[in-house]
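These are the structures, in structure tokens.
Here chain A shows up in two complexes: once beside chain B, once beside chain C.
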Partner chain A sequence: MDRSKETVSTLGRMPSTRRHWSRAALLTSVGLMLAGCANNAPQDIFEPKGENSKKIDTLQRPVFYIAGVVALIVIGVVGYAMWKFKDRGQDIPEQTHGNPKLEIALTILPAIILAGISVPTVITVFQLDKKTDAECIINVTGQQWWWEYDYATGQCGDVKIDKPIVTAGELVIPEKTNVLLRITSRDVIHSYWIPALNGKRDAVPGRLHTLRMQADQPGIYTGQCTEFCGLSHSRMRQAAVALTAGDFQKWVDNQMKDYVAPEAGSLAAEGEAVFTANCSKCHQINDLKNADGSPVLSEPDLYVVPGVAPNLSHLMNRTAFAGWTFDLLTDECRVKLWNAKPADFGAMYLKGITPECFEQVALRDWLRNPPGMKPMFVDPNNLSSTGGKYRGMPNLNLKPDQIDQLIAYLLGRN
Partner chain B sequence: MFTTGSKLFLGATALSIVSAIVFGASVGGSAGMLGTIGLISVSVVFAFLAGINLFTRDGNLAATESDVERNAAAAQAGVGRSMWPLAAALGAGGLVVGTISKPVVFKVSFIVLLAAAAEWMVQGFSERVSADSKYNEGIRKRLLHPLEFPLLASVGAAVFIYSFSRIMLNIDKDAGRWVFMVIGAIITAVGFVFAAKRGMGKSTVAGIITVGALALVGVGIASAVSGQHPIEPHPAATAAVCLGTASEVQIEEVDAKASQSVAAKSNPLANVYLTSDEQLYALNTGIGNVQYHEITVPRSNAVHVLFHNDSAEPRRLTVHLGTFKAKDGSEGSEEAECTTALEKGGTAFLSFKINKSQLASSTPYRLTVPGVEDQEIKLLVP
Partner chain C sequence: MAIIERPAAVPATVGSVAAPEVVTPTQALGVFRRPVSSSGWKSWLFTVDHKKLGIMYGAVALFFFLVGGVEALLIRLQLAAPDNTVLSADQYNQMFTMHATTMVFLFVMPMAAAFANYFLPLQIGARDVAFPRINALGFWLFLFGGLFLNSSWLLGGAADGGWFMYSPNSSALFSPSHGIDFWVLGLQITGIASLIGALNLIVTVLNMRAPGMKLMQMPVFTWMVLVVQFLLLFAMPVITVALFLLSFQRNFGATFFDVNQGADPLLWQHLFWIFGHPEVYIIILPSFGIISEVLPTFARKPLFGYKFVVFSGAAIGFVGWGVWAHHMFASGLGPVSVAVFSVATMLIAIPTGVKIVNWTLTLWGGKLWFTTAMLYAIGVIVLFTIGGVSGVTHAVAPSDTQQTDTYHIVAHFHYVIVGGAVMGLFSGFYYWWPKMFGKMLSERLGKWNFWLMFFGVNLTFGPMHILGLQGQPRRMVVWPEKLTGDGFFDMHFWNQVASVGSFVIGLGVLIFVINIFWTWKKAPLAPLDPWDARTLEWITASPPKEHNFDRIPTVHALDEFFHRKYEEMDTEDGPRLVKVKSAEEVLAEEESHADAHIHLPSPSYWPIVLSAALPIIAYGVIYNLMLSVIGTAILLLAVFGWCLEPSVADDSDYDPPAGGDSTKELATLG
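Entry: the complex of A and B
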């Protein structure tokens, strides 16, 4: 930079070059701050939608305000000192050491503030950790790179669950119900987080952690894994769907209904055969039978590291797949569902994926080459460290007509 | 005419020739022949060296050639003795040995070779930086101390820890407590003395610490040579023990000697209670006081249940893990795991994992208490 071109506009003012830098820094800071603003931010922690997240919000807002005020005071005082005592060639002032009164005051004041904050913090921590008043328990298991939910038998709010329900990606819960998630992992550490409904909870292999979940009203609440867990960590997403008690009953009934085989000779029936021959090694569809009438039993423990793969019995009752990353709904239908009024949400959600709302492209691409859509550890020539097991779904090299058949078959899994 | 060095070698030449004549004349046979040839060879070598000394005038310079004397290589400060060629040779040798023996030998040798190469290189460079050997040494220290100190400290700490670990492995757990207490007390006492006697010399402090460190390393080496104290293996709770089909002796051995030092850092999936009137039920973690007789267990997942025995009899909790067909198609035997038998009021964790759907097993997954009839908790594995 040619310093000779630097000009001083008036005495005592900043040189123009430095002023330009100051403006650039100010604009950058404001820009960064404004980047945090959005009117469509489903994972905004400042918009709690449930009892537990509201408790966190009630705690964090005053703490945030107090911390903000303290930060402003500190920045202001430091800034004032920098400006006031700037080196202008004056004599070095008298040096002092130690000011007991000031030091005691500056120790006691933060201690009082911290003690004040600790009381509601500890109360909130214990409230959020309570695990004896749940009205519904759901086991949540993370694995690379998706979440599995299995509903324990017994009461779930007002609804009785007679046999285990296993689903993936989308957690369906009754509204206004204390749900307790029992979270663990089958491979590495993950972290479960639905910001609108509660804070985060780590999913640790071999350990069971609990997380309370409650939604005030029907709707879809999104989240994502927040502990780096490998190649597709960013594509390990999840959602909680809250339904009214009546709608939740319908959802449960649908999950427990008997398997409906596709019509003989149809494209879907051919898809069932393709599924049985290829996909059922890992993916379970409840009550699917072999030609001899024996049950088709998946054995994912033989093929994939976590020992499970998503249960696809009711795939078309979910709105996304593959770690809740790719839409099963068209954009138009998704926007309608997400923006539905709470009173209308349940009915729309329970329709599932109808043919007119079915976004086929992503599912077709997935069936054609899963690792091409989502990075996974599935190179068959590089599995020595896992004993030949995959982390994720490998490319099954399905032919186009097999994909057509599978799409037709899966569209009936609702 | 003859220089000092040449006189020495000429004398040695003459001596070896005389020796060859005397040896050849006095010792017969092939030994005499070989000895004579050897001594003649020695005399030839001495004669050659004498010739060189004569030619170079013993390497002495004339007094008038003082500039040459000052600038000659021999006049410069000699390079320091170096152990790095030896270390590098050891590293290279170890590298070769490591390729055919153990990978750890190869890795350690590689590190030694790298370290020796770096040290040798820097030493070689620093000794030629200037004619001032102190300055050169300073350069070497500036370059290598930032590497050497952390490395040596790490190695020292490793030796210290390893020695201590060998000692702890050598003694039994009761002695271990005492060793910990005594060593801790000694360190505290010595620290107290150091703190109290401020005037104590550095060399005294260093000496005491060195003696302590050497003692630790010495005892550590002795312990390593002596080996690890015997560890009695805990008998495993086999399916036969859990299902009550094993012999009384086997069952008693498991109950008496099984490891019971499991630390529970996880929430259990459920608490399983056997009441005083021998009723079995489970409380699902999360639900208050609803008694369950079936619990849902995630597939392929480590599951922990906490068993509480309130029965007057010693009881164990057994998990039935199914019966599967063998690879040859034959029916296998039922798999099971269990806790040890617990006295009244006892609790124990039971951890298990079920990989297959219930449909894959010809027997149900369930929790039972051997000896208690008609009581079970079904395990639902979706």
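Entry: the complex of A and C
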């Protein structure tokens, strides 16, 4: 008596209509995925905008195609076998244990494909590591949760930088120039990534890594810290801005210009005092002077873990703040800038944050309660693990009129 | 000598070979006796039976699967909309850390251990594993380690550094809660379980195979488990060292990863991934083994290229040690290392491809019977292939610098782990349930279970390929609206699809849980050999008797059981395979030649006591070292108890006392 035979007949059947339906659904979903990418996603890795990312793109496209074809073949063969060899009451098949020749052939075939992929891979690895052709060197330092850029004095492409430039969030580079980033970190590991221009490179404390950057044309290319770095990892963003040599010269000139003090008696002048009293402990504004003429020197290492806070000398020349997370531009102006034609981009960008394009809400909220917008420590009352230092900006309990004064002052920092 | 159980029907004198006399202390030393319960809760608490331990491993792993699943659903709820607020950043970081930790260490690994524990001795024709008490110790360490780890949720928050726990973000300065301490110590405890389990199963496979069973006649599941045990044996010490370093840094002021003291944070990454990459194969190979049993059974033909499958599994085990740095292509290793590891990573795709080819060719020319177990096994081929080829896209190191830490990677490894490992385990549930419990899981519910999970996996993880390639990074509590792109199929849309998909998977798992209860309460008894199976575990009763086999089967061929049932006969149409014996007849033949003396290990009090001491020590490390002292005292007591208890329960402990060659059934004492 063969009980297993019974179970075969009761369990082994599945309505063929359901199987057809499921196969159709599978095909549809694959089709949807291939056709279903968003247009114009700013961090699309298949939209390279520079020499280095194009090298990666050229390498990875065929790999994706081969991978897709291999997957489709395997799924196709499995599907065909399921249909062809389903139990239709045929005999128990011959108990064959394999076919070594076929096996060896099917082992060598993928080996050849992979060998074919590995050669250009190794070549590209070394090309992307090249440092000798650098035309501009910029130091990039990650810390919780923002990026600092420190431009080495000397030649940057066709432009000469003769005073140190320290800025944050937005990396401004000349177009068509081989920029070499020297990347490190002041606290935990971060990773610098501008998908349109190159792959990512970790910023590791105690180590210095290099990353090539080159943009073919003017524009703004967004990015994100991609190594998990704690509470506000998702709010540690960045962008690279490429400008023509002429526009880059203008940007550099503006960065190096002398401090513009607000008009005496204005709201902004009151803001300067508020800034000096509350913010200058951590935030540097170049050439800012105390009432007695001595320089205002920020000493953030006394207050925050990484020992620095963003330099705000030219805050209004950047389009976002606080780890490039919150916009200084209104949505309308931001979309216009992001979608600007390369020829128009430079002029629009160099205007900075004009009063009609200034998005006040986020900045005001930020000044009112920074940790509320961007979590920086779990318990502000328990800073014992950090020796009393903050990680990020604490709530300074600024009054509404102080915030008004500060905003008026900061608007002049362009 | 005490005998736990002996077949009542057989006169003791029939046994052809007398058991060799073993010199053991037959007298209990002082208070250290052995428990003898064979029923009730004590029989589970003190058991050393590999089958009971296997079931307990499975039940606890399933519980942690549900915990990790709920964590996953919360993550997908948070990511269903831009700038969402279901979870705070702190909760989110804990959630994804614990989701990964739970799924890897508390579900997939112990679930594979459950199957290995239960079926490895049965598949090689052994009565138990080589070291039964060590086996029990492993289970209790896993359970207590897992509970300890999860107790952090109630004691100030779970670990928040990601399962990879990169230094220096894992130092006390950046993660001041005790979460990471719980994580480190919890994994140390479960790590001991893996390590001793590995030793135990290696010794079992090498020494306790049934007469006639050569290594190349072992079922593929046993082979893959053996490879995994070697991986564990060499990988667990590495993570143990890394965890000790981190533990000493967090709890005792050491500076192994402190940059200000001259440390290089990449040290942790190397240690973690030298463990972490073999870990990937530790996770996947048992499922490869399971489907290598299921596919031949339901295709009615032997596994295509058995030797190739075995050797490719072993090759994966070797090459798996040479690819760890592909997790670090963006870490700044320098071009030479990156190039070498990139090519090595492509190399490992070859043995993996061999397996896919062999499974597909096993189907080819077969007589396919689409049970739920078979559907899951085929699901593994399909989904693992997708995960495998997307893996090749990031073996190409320059492309990986674009893809790493994006959702493309999340898509890849979930296709591999959920589509490969987890679906393989589900195949095992449906295939082996009748063997373990004597009842069949409902096939109707099973089909629902399968299709919901299959479509759920594709709905959840398919869109993640797109999300990642369009620039959505991992481990971010929020994703901003302004980076989602334009058009109907923007990233907002795909995130929502993924979230819906995760609940479809959840529904599938729910149906599985319902199926378990339905089967438990309602299902009729299963036939002895419901699948017309091929390997030794089906040669015994369902569920197997405590001693597994009345007579240890002698093995003549790969797929021994199949060849006992089927013979090639000449017919008018040429040679045909004909069923000459039913499973019942094969079993009856075995039972009629039952061994007279069957020696089974006695239960023991000490594994559970010893393992209970370790969480106490660990709580002490976190809160108060006095507690550790108490824990250590318990540990020492357990070690002494372990050493001093007799190797078997004294005959006089049984009621009525077992005398000489009587054929009494096992009696329970308290």
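Structural remarks
To be clear about the criterion, the second predicted complex is superposed on the first by the 370 of 414 C-alpha atoms of A that agree within 3 Å, B and C clash if a C-alpha of one lies under 4 Å from a C-alpha of the other, contacts with A are read in each partner's own complex, and residues count from 1 in each chain.
To be clear about the criterion, a contact is a pair of C-beta atoms (placed from the backbone, for glycine too) under 8 Å apart; a residue touches a chain by one contact, two chains touch by 3 or more.
Predicted, not measured: the structure shown is a model, and the values here were computed from it.
Steric overlap between chain B and chain C is present once the structures are superposed on chain A.
Contact with chain C, but none with chain B, is seen for A:H97 once the two complexes are overlaid on the shared chain. In the superposition on chain A, contact is made by A:V77 with chain C only, not with chain B. Here chain B and chain C are compared by how many residues of chain A each touches, and C touches more. When both complexes are overlaid on chain A, the residue A:G206 reaches chain B and chain C alike. Contacts of A:L396 after superposition: neither chain B nor chain C is touched. By the touch criterion stated above, A:A273 is placed in contact with neither chain B nor chain C.
When the two structures are aligned on the shared chain, A:M348 is found in touch with neither chain B nor chain C. Touch criterion met: A:K55 reaches chain C, while chain B stays clear of it.
Once both structures are laid onto chain A, the chain C stretch out of 113-121, 131-139, 149-157 or 329-337 that overlaps chain B is 131-139.
Residues common to the contacts of chain A with chain B and with chain C across the two structures: 205-207, 209.
Listed in rising order, the residues of chain A touching chain C in the complex are 1-4, 6-8, 11-12, 14, 22, 25-26, 29, 32-33, 35-46, 53, 55-56, 59-60, 63-64, 66-68, 70-71, 74-75, 77-78, 81-82, 85-87, 90-100, 102-103, 106-107, 110-111, 114, 117-118, 121-122, 124-126, 128-129, 144, 187-189, 191, 193, 195, 198-202, 204-207, 209, 222, 224-235, 305, 325, 331, 334, 375, 378, 382, 384-386, 391. By the touch criterion stated above, chain B contacts chain A in their complex at residues 265-269, 284-288, 290, 292, 294-296, 298-302, 304, 355-357, 359-360, 380-382. Within the complex, the chain C residues that touch chain A are 88-90, 93, 157, 161-162, 166, 168-169, 172-177, 259, 262-266, 299-308, 330-332, 334-335, 338-339, 342-343, 346-347, 349-350, 353-354, 356-358, 360-361, 363-371, 378, 381-382, 385-386, 389-390, 392-393, 396-406, 443, 447, 451, 455, 458-459, 462-463, 465-466, 469-480, 482-487, 489-491, 493-494, 527-532, 558-559, 562, 566, 576-577, 579, 582-584.
Taken in their complex, chain A has these residues touching chain B: 131-134, 137, 139, 141, 148, 150-155, 163-166, 180, 182, 184, 186, 205-210, 284, 295, 297-301, 306-308, 311.
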